[in-house]
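Shared chain: chain A. Partners: chain B in the first complex, chain C in the second.
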Partner chain A sequence: MFSAYIDKQFPLISAYLDIMRIRFLMMMAYRVNYYSGIVIYAINIGAYYFLWKAIYGENETLNGISLVQMTTYVAVSWMARAFYFNNLDREIAAEIRDGSVAIQFIRPYKYLMVKIMQGFGEGIFRLLLFTTPGMVIVTLILPIELPKDPAIWALFMVMLFFSFLINSQINIMTGLCAFFIENNEGMMRMKRVVIDFCSGLIIPITFFPGWAETVLKFLPFQAITYLPGSVFMGTVGGKMIFTVLGIQVLWFVLLSAAVFQIWRLARRRLFVQGG
Partner chain B sequence: MIYATLVMDYFKNYLKTRLTYRLDFWIEVLSDLLFNYMNLFFILVVFEHTALLDGWNRAEVVFIYGYFMVPYGVFICFFNLWGFAEKYIVKGEMDRILTRPANNLFQLSLENMDPASLFGSVVGAIIMIVAWAQLDMPVLWHDPFMLLLMILGSIMIYAGVYVALTAIAFFSDSPTGILPLIWNIQNYGRYPVSIYNKIFRILLTWVLPFAFVGFYPAAYFLDRENLSVMALLTPAVGVVFLTIGLTLWNMGVKRYRGAGS
Partner chain C sequence: MFAIDVSHLSKEFKVQKNRQGLKGAFKDLFVRDYTRIMAVNDISFQIAKGEICGYIGENGAGKSTTIKMLTGILVPTTGNIQVNGFVPYKEREKFVRGIGVVFGQRSQLWWDIGVIESFQLLRKVYRVSAQDYKTRLDELVERLQLQDILTRPVRKLSLGQRMRCELVASLLHNPSILFLDEPTIGLDIVVKTEIRDFLKTMNQKYETTILLTTHDLQDIEALCSRVIMLDDGRIIYDGGLQELKQTWGKGTEVVFQFADHYSLEHLQELTQGLTVQWSKENDITAKVWIPQEETNVSQVLSRVVGVMEIRDIQILQTKTDDIVREIYRTGSAASTGGSAAFPATDSTAEAESKAASHV
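Our next item is the complex of A and B:
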């Protein structure tokens, strides 16, 4: 059997997959909590729709984006957030603070890999039970234009996966800061604010004033929401799509290196508070 | 008088716990201010692309946002009982509160208070003053009193709504997810309600009256002719919702039987 072969050759892979599956099942057990989440996101999308409608006023387009495209962007950005969002930073910080991270060090698997897989299990759960039904509901209520080309859908899925990876990497880095400053609650809060704003969830990056737009183009946050969102709403097309995907891959590689460095430094600094 | 000493003692306690992690404390204050700044920045960016938002100009919308921040900061400081169900009901901490002589809600409010959020109120007040100056509005002799009355009304609305929602924990111990839902909706009270459709408008005005924690009371000073009636309802709505909240709370406390085991 194929799975038996994998088990034998790469024992850890099946362990990681199991970790992902367990997190998925854990989320399933508490799925009732998520129904209100869909309502929250739908309300957010609705409110931003009315806000943008008022901003557009008489204008057909702003910055080359029509109201329908903007609505599509807002909807898909919020629903994508439901998928890539996770609390890895909080989980890691909590494990560092109560010292259970020490046990994780002596286990044969890679701690950060476990965290990513847990986050992915959660992401898959949200994609199936939150993002997909949410997107269907919102499309029925609001004037949204979904891409017709299946290739765009496929590409968007790939980009969404990178959104998840990059967001998780930033979360992991924030969480690992608990090694260096004992209480990183404030940092985690700040990170959340910065990601929502700088990733283009609240306003597409091209709407920012020139200087801010330039700054944001050199930061990784745009790769989380703005880039996949603009492919989905259709303002980025043709060959530009590969540039955009390239930016995501580049940030993924750069952040991987950064995470690895921080992780190396952090392990030397481990001390446990309380007992 | 005992209550005044309690406030002082709880405040000292708060300072001691928070300043243990001093760096974190300041980062948290900074992140809250950053959050407010980003909301403001959003408004500024929006007005780069349009001159009017449903007939309101930039300074007016900024003024509304400044107002919104003032009662919000006070609310977060005293009435933010996030996590009440897990901490006080499931773990039975409520027993400890109820065996003490001081009023239970008062104790809870002080135990969970977060004076750092008052920085936000101060910033909000500054924003209001700046916008007021930009708008060239007259300052009438009774305006400061009206402003205080409005802010008081808005705080009562927050307190009423959130005390009522927190009281749900006494009746049902399963997490309902309703709190984050309401938390989200309140943010939309800081824009002119006329931009929303009818359902949103009725929801924000009468069901969850968050239009009264931002738009209506602020509009009293911006458009005295058309909106002062709605604005003057703010304290009345506050009294109604606070009464509902406290009634539900007291009913809930009577039902409380401890966590068992």
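Our next item is the complex of A and C:
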């Protein structure tokens, strides 16, 4: 009923939703990737858990974070990564390089919107078939303390959505660079490492040396993993939560402007130069 | 109003020049050298609604660049374009809803999903009502016999099947103008014929204006009333196919197969006074070349038929292929050369080196 209504009133939105659905189905079709993904994430979470356990040793807390909180952080960060991670940069770069991006301009829709929706379809797939069951299993195996307040859960979901948006924006920008430099393979690799490292996935931001922490606080990466992770493990609470959410929103807005600008330049280049 | 109205259209590309050698590479790091290439150079043409127009030229002549400007993918350097009443690169989204495009070398369908899913998605993208979509799809599917492959993913289709699906995809929203960039490339003769027939019916039924580029001149012969020929970014011919043949097809060849041995001298005697040229094929077969302007075929036939006993007569028209090859070779349709035989120069290599492919 609802989808029929959307279909009639907002056919384009319905088309975008369809694009998302199709990507979801595609992910279903390529399940092998999915199974190998489970193994990789399981190894990562396990490895970081044991690493942190060794680092903590006899200590109760480090930098005000207990081992249980740290374990929770590691687990939730990796699971969140499963949701927000996508290969939009690679897809866009490939489409630019083989010229099929031109075809996208003879369709009455917005290319970047299509890309975001595809990324979201992928994200939803992993959220349902990967993150959720993965989180249940991890909770059973590792000593993890989940938030008890449903409001925190709800807020975490919202923040996770922003993580996805911000990460996708960075991906899109990296991908679009293929318009300006012939080979942005190295750039995409670097981006992946930078995001994993600077977002706090590997080490929470508070563990960085003071100057690095300050620098990272002025970069968008922390908004991807560290901020939602801190809310989830409970090191950020009370009014601070809204500040943290505000930072995410702010980065989303700033990056939107940047993406828009790069997209405009890229389009001009395509229009004038033929890609 | 014209469906397509182009005036003084030009497109210039800046192409990076790479210097040679290590020293050159170093220089390139700091100062890049650019060459300017006029891909399309001051062309003007109008295409009326419902017309099928062939757009031909060598590789790199500027065909694709023109199509890209007409579809709004590229912005012209100078000149004006009006397609369907729109300036293509402005109001892009509104404009593209009224056109259909097929790039023969590039799939527009989603690779991994069933064909029908792609169609349904396109229906939404182009905002076609469910009812229109159904009627339209039923008609197209039946016409192109796609019933059995609708649920298959595109990557599992043969090229012929895929191309038919591409055509359906480009026509679902009933566009008034259809751009086809080499729609029959790589297809077998059966599918080619089928696609030509299909395009023809679509054109007649819906008055769809069609502009197609192709290297297969049979496409042109089967479909187009009009040809625009491009060379080096300029239009070198614009007019009917028939006229092109008349101006450029310089003559006719007639092959006689006689009942018995013949002598060439005897034949030459028979056609004395006519500017024709006999040649011997074998003992019983002779060939005569009849230049178009000076002699006509019936004169020759009337002189030979009564005298000799003939088993078979074959009249060979100059093929469009030959005509076009000759025009490409000389580089202009304006100059009319007098040579009778067309030297089979393979101009591909030349064309390739001239070609600057732009995406």
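Keep in mind that, in the parts below, the second predicted complex is superposed on the first by the 262 of 275 C-alpha atoms of A that agree within 3 Å, B and C clash if a C-alpha of one lies under 4 Å from a C-alpha of the other, contacts with A are read in each partner's own complex, and residues count from 1 in each chain.
Keep this in mind: contacts are C-beta pairs under 8 Å (C-beta built on N, C-alpha and C of every residue); 3 or more make two chains touch, one makes a residue touch a chain.
This is a predicted model, so every value here is computed, not measured.
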item: Which of chain B and chain C A:53 touches, first, second, both or neither; value: first
item: In the superposition, chain B vs chain C on chain A residues touched; value: B
item: Which superposed partner A:22 touches (first chain B, second chain C, both, neither); value: second
item: Which of chain B and chain C A:99 touches, first, second, both or neither; value: second
item: Touching partner for A:161 - first (chain B), second (chain C), both, neither; value: neither
item: Chain C - residues contacting chain A, complex; value: 13-14, 65, 68, 71-75, 89, 92-94, 96-97, 99, 101, 103, 106, 108, 110, 112-113, 117, 120-121, 124-127, 130, 358-359
item: Partner chain C, residues of chain A touching it in the complex; value: 7, 11-12, 14-15, 18-19, 22, 25-26, 29, 99-100, 102-103, 105-109, 270-275
item: Chain A contact footprint on chain B (complex, rising order); value: 21, 23-32, 34-35, 38, 41-42, 45-46, 48-50, 52-54, 174-178, 180-181, 184-185, 187-188, 191-192, 195-197, 200
item: Contact set on chain A toward chain B in their complex; value: 32-37, 39-40, 43-44, 46-47, 50-51, 53-57, 59, 62-63, 181-187, 189-190, 193-194, 197, 202-203, 207-209
